[in-house]
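Per-chain residue numbering starts at 1, and chain names A, B, C and D are given in the order in which the chains are listed.
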Amino acid sequence: MTAAPELSVLQWFNSEPLTLASLRGRVVLLHAFQMLCPGCVSHGTPQAKKAHEIFGSGLAVIGLHTVFEHHAAMTPVSLEAFLHEYRLSFPVAVDLPSEDGPIPQTMRAYGMRGTPTHILIDRAGEIRHHGFGAEEDMALGARIAALLAEPKPEEGH
Amino acid sequence: MTAAPELSVLQWFNSEPLTLASLRGRVVLLHAFQMLCPGCVSHGTPQAKKAHEIFGSGLAVIGLHTVFEHHAAMTPVSLEAFLHEYRLSFPVAVDLPSEDGPIPQTMRAYGMRGTPTHILIDRAGEIRHHGFGAEEDMALGARIAALLAEPKPEEGH
Amino acid sequence: MTAAPELSVLQWFNSEPLTLASLRGRVVLLHAFQMLCPGCVSHGTPQAKKAHEIFGSGLAVIGLHTVFEHHAAMTPVSLEAFLHEYRLSFPVAVDLPSEDGPIPQTMRAYGMRGTPTHILIDRAGEIRHHGFGAEEDMALGARIAALLAEPKPEEGH
Amino acid sequence: MTAAPELSVLQWFNSEPLTLASLRGRVVLLHAFQMLCPGCVSHGTPQAKKAHEIFGSGLAVIGLHTVFEHHAAMTPVSLEAFLHEYRLSFPVAVDLPSEDGPIPQTMRAYGMRGTPTHILIDRAGEIRHHGFGAEEDMALGARIAALLAEPKPEEGH
């Protein structure tokens, strides 16, 4: 297993600044998307929203806006309107642009291949699943529930 | 919790005769349907098929054809063609008709209100969920995974 | 163009017996289906229902139950329950079985290759479209409207 | 009937500048949308794309980006990336902003109530349908075909 790299964030929406470290003890669904990525808008982002609704506070759903193309078209100003129009209320981080290339820093640290990507992080902060593209709702629900069923770190000894 | 009543079956498709007793130690998804129930055909039965594909041998998916109306229209002969055309390969039991009313015996024993109904039975044979109508794939996947994460009976003491 | 062969019918549902001859002057959508054909249930039959609702009395929608397989599974008794459960209210004819093979007589007369098939017949009784399988709603709507826009026979000279 | 007001356009994508006057003699589907309007992205804009594919050169499909809210979020730069990502190849006009309010000029001239709106203009330049919100593909296909079936102006006498 691999420890989940900390998020590098330009700006947060729907939340005070968060760190993965502060979420230790909770299961995290990290949903990487771009607001103009059709597969995100039609499938990945509604799926993250559904997970947020179904699992409630047991699961920390974090959106990560990983702009790696059309940078001028997907600024934080446009993202804010997108979040409003699609009624997304979970915390969303804008991935920090890189100084030396189009791939932003968190996306690079996780080795993501594109969007949508979803990453599941367990209570101990380890990456337990890295999925690129579409995954069945049922399979994702099962992965999340399996991690939620694991004992909390302090209970594990 | 309530122990799951044993199945009362007229005929099996896709399987030798099964009993819930013989499935003890496994998690069971019991999918009650009628082949001419639109909500079953469009949602419930494809969902059971998906669970069968996603969870594999970890989960025992059992279809239960609980005919409580239009009895002459949904005979085992018609059901067999339905299973063929919809490529359903998990075991399907024909619920045993009652002698004194339209509701077949297993349906009555479980107190089902209609179709589709899905029942989740844990490794110890207890009913852990009784759902009538449509449920989100993600929520059902999570319920199944949570039961699969529970220790097997022989490991539980 | 080809004159549309008259229907050979065992039994009618939702209507007194009809003939194509009696519908001359109207545009006819003939929807051939089998109640256990998945592509009919999910697409073709709802499409015919939608055409019935959208075009109203301007269009004569006729269902034709062309059973060419699983004959014992799709009897008129089963069809009647199917029509009830799926709330289909347009006239439906049971295609007359052949004495010498599985393909019923109207299906054979039209040279249909399977189900769903939709046939469009103009006001003069000519076949103007023969479609097998799925067709876009928009394209079918356009075909129907184009025929409806043609002058009625008595107005055409 | 009402003559369709001429378009007031800031910028064109996928086309040289067009005028409705220059399209006289053809049927026009004017699809008004905003790139961050969920109902446009999921239904209205794919529907316009489908009409463009199904009717080919017989129909002039014109997109009109009528930004009336979140102006800073839906600039032409963002729209250009949207058109690229959603593979929209029909001509799209950016509606000219008004100097004295949020509603752009063409949107105001047509009295549109929001997005998506679709307007059908006949060969003679008259508005024949003004639809706000979702409409069935089949019904829209029929409306378009009915206008296409009308004689061309020069043939009309």
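Note that a residue touches a chain if its C-beta (ideal position, glycine included) is under 8 Å from a C-beta of that chain, and two chains touch if they have at least 3 such contacts.
Just so it is clear, the model here is predicted, and its values are computed rather than measured.
Chemist: Report the chain pair from C-D, A-D or B-C that duplicates the A-B interface, where duplication means over half of the contact pairs agree by residue number.
Modeler: When the contact pairs of A-B are compared with those in C-D, A-D or B-C, C-D matches.
Chemist: Just the number, please: Cα centre separation of subunit A and subunit C in whole Å.
Modeler: Computed from C-alpha means, the inter-chain centre distance equals 50 Å.
Chemist: Go ahead and note the Å separation of the Cα centroids belonging to subunit C and subunit D.
Modeler: Chain centroid spacing, subunit C to subunit D, equals 35 Å.
Chemist: Any chance you could list the residues of subunit D touching two or more other chains?
Modeler: Nothing qualifies.
Chemist: Testing understanding: with touching defined as stated, what is the shape of the graph linking the protein chains, line, ring, star, complete or other?
Modeler: Drawn as a graph, the chains make one closed cycle, so a ring.
Chemist: If you look only at subunit C, which of its residues touch subunit D in the complex?
Modeler: 47, 50-51, 54-55, 136-146, 148-150
Chemist: Show me the residue ranges of subunit D that touch subunit A in the complex, using the header's touch definition.
Modeler: Within the complex, subunit D touches subunit A at residues 36-38, 41-42, 70, 72-74, 77-78, 80-82, 84-86.
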